[in-house]
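Chain lettering (A, B, C, D, E and F) follows the sequence in which the chains are written, and residue indices restart at 1 in each chain.
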Amino acid sequence: MSEEIEFDTAGITKKFMYVNRKAPYGTIYALEVLEAVLISAAFEQHAAIVFIDDGVYQIKKGQDTAAINMKNFSKTYGIIEMEKEDADEDEDMDMVWRIIVEKESMEARGLSADDFVVDVEVLPSAELAKVMAEQDVVISG
Amino acid sequence: MIHTINKSPFERNSLDSCLRLSEKGSPILLLEDGVYAATKGTSVSGTVGTATGEHPMFVMGPDLQARGIAEDQVMDGITVVDYGGFVDLVVEHGTVQSWL
Amino acid sequence: MKFGILVNEGPFTHQASDSAYQFVKAAIEKGHQVMRVFFYYDGVNNANKLSAPQSDDRNLVKMWGDLAKEHNLDLVVCIAAALRRGIVEDNLAEGFRISGLGQLTEVGIAADRLVVFGD
Amino acid sequence: MSEEIEFDTAGITKKFMYVNRKAPYGTIYALEVLEAVLISAAFEQHAAIVFIDDGVYQIKKGQDTAAINMKNFSKTYGIIEMEKEDADEDEDMDMVWRIIVEKESMEARGLSADDFVVDVEVLPSAELAKVMAEQDVVISG
Amino acid sequence: MIHTINKSPFERNSLDSCLRLSEKGSPILLLEDGVYAATKGTSVSGTVGTATGEHPMFVMGPDLQARGIAEDQVMDGITVVDYGGFVDLVVEHGTVQSWL
Amino acid sequence: MKFGILVNEGPFTHQASDSAYQFVKAAIEKGHQVMRVFFYYDGVNNANKLSAPQSDDRNLVKMWGDLAKEHNLDLVVCIAAALRRGIVEDNLAEGFRISGLGQLTEVGIAADRLVVFGD
């Protein structure tokens, strides 16, 4: 293997947004974005995990993948919720996490905030656009 | 001929193209991300409701379960099948057109 | 009835390979014959024996190989698509063979139904 | 390598349809469907090569891929046209090839039959649906 | 922030989502299959024409050429750039949001 | 300016890798620094050294490796995504290294811009 390279990121805090626009299971993007979010927690950055379009289906309650023989990763979003709570509670940590659902996407699919496995902020597109515009890094899957 | 659709109707144009290019009476099976089209109360329910009047419509149960869609959330006029039912449909209806 | 199956996408990335696998299993259970499963486009990645998914995930490469062994299935990987994507004899999983694209047309002619799974 | 298996297909003629619904270059599907069509010629089957939705862009005139460093395969559709002519002219060969564009897809993209690198039949969706319903094998990329 | 769209507006919902979720005045770059949105006289020309009034819009020239779209077929209000121009846009406009 | 690049799709199947390559080349030509190219999802297939496209087609695996050599680029393949897809040291092309997903967050923090190419 080639030599490992690391950058000095000490003291830098940026706003990361993870944009989820794809349904789970049909493709792997939802799962692998989630893995990226979880790994990023160690870096203590700000993170907004956003569900837009079919991405809102990723956090729908009641998923049961036994019959398609795939891994049900919907419960793992609970870890994001815990990371968010840790960040909210720890005053020494400069780290804010948000879990956001776009209202228009949710409503077009006949869903409400009660349908999700995690607590979310539901924002109309105009407000979400403002949050998006403030980000330093946007990662899309 | 039987048509299959495995794409979300919100993300892609597969459902629209299938409905435009399938003959009335030919069955349509929704699977994978295509099953979202079968749910009640969405922005495409009108389109899908009209389609149920023109085509025998089916949806993959295992894909509904995986995505957390209960059977009582499936629109009227759409029959839930499993993989064995998918095989039976293909045996019965001949050529398969997959709207990838 | 005799089936041919075309798989257009790799394992994990799209559900196509999963759905094809479940369809093939169900067809065999119902007493049908699956003459050939042809892997084209990124579908050739289903034959990469180096694939090592996490232990709590399904291993589609192995599942296809096991199914082939149990039911004497013909799993054919398209040589042109495979060369592009770096699937060769060296990393070809057990149960698969590499052959020409003509084998797709051939099974389309020979089978009663060709069912396509893809993106 | 495992043993080569071949099926006896002598004397069987089927109607194959190749459905192209994707634009060229953004993804490889257009190119690999084309390769499948060309290989199939040796089997002397009926073939309908159909362009629907963004698939109509595959045969647009004037493609020049030099600046994106990809292979321009649009000229290869000319080989399909030659196969079609061979099939039409050879009375001993039970093989009919058709190249069909859906009218609605073409018009939605502001295109006309003059924009294509090959001669095509332009069919409205209702007529194309009838042709589709008569097929024995449909291959989609 | 600059937005990029690499999907055909006829096949996917990326253009619609981008327009719904981007602030007025933020630039949009069309590339890969996204460049079809820039062509005159299509069923999405109305949407794109409105967008040119609200966003500085750009399209990748190499992707247009590959797809056989001449520059005179590009809608008014959309500027053709090359890869170097893409780099310059990213340098100038900050964070990139790719509508994949 | 310092760039980070994320490539989400494999070579040939999607144009994402081509576009990323052209972007990186143009950025370097303009005097910018590309700190790291991170290959995630099917992007890990860009590092499969067994890939052998037709002679009249571009060879993206080799092109990335050559560019890395010429400009001392850091090409990182995500280990989790790579294991799933059968990309390991044995078939890893020259110029690439396998590392953890944290290297994506890291370049996001360290670079002035992260540009994502995918499907």
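Convention: contacts are C-beta pairs under 8 Å (C-beta built on N, C-alpha and C of every residue); 3 or more make two chains touch, one makes a residue touch a chain.
Since the model is a prediction, treat every value here as computed from it, not as a measurement.
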Q. Through how few touching steps can subunit D be joined to subunit E?
A. 1
Q.
Using the stated contact rule, I'd like to know whether A-E or A-C comes out ahead in C-beta pair count.
A. A-E
Q) Between subunit A and subunit F, what is the gap in Å from one C-alpha centre to the other? A) 24
Q. If you average the CA atoms of subunit A and of subunit B, how many Å lie between those two points?
A. 29
Q) subunit C: which residues touch two or more other chains? A) 8, 12-13, 15, 22, 41, 54, 57, 80, 114, 116, 118-119
Q: Check each residue of subunit D and list the ones that touch at least two other chains.
A: 21, 25-28, 53, 68, 70, 136-138, 140-141
Q | Where subunit B touches two or more other chains, by residue | A | 6, 10-11, 13, 32-33, 62, 82, 95-96, 98, 100
Q. Which chains touch which?
A. A-B, A-C, A-E, A-F, B-C, B-D, B-E, C-D, C-F, D-E, D-F, E-F
(Q) Please output the residues of subunit E touching subunit B within their complex, sorted ascending. (A) 10-13
Q: Name, in rising order, each residue of subunit B that touches subunit A in their complex.
A: 6-8, 10-11, 32-33, 36, 39-43, 45, 61-63, 65-70, 82
Q.
For a test of understanding, state which residues of subunit E touch subunit F in their complex under the given definition.
A. 6, 31-33, 62, 82-84, 86-88, 90-91, 94-96, 98, 100
Q: In the complex, go through subunit C and note every residue touching subunit A.
A: 12-15, 18, 22, 54, 56-58, 119
Q. Any idea which subunit A residues touch subunit C in the complex?
A. 25-28, 68-71
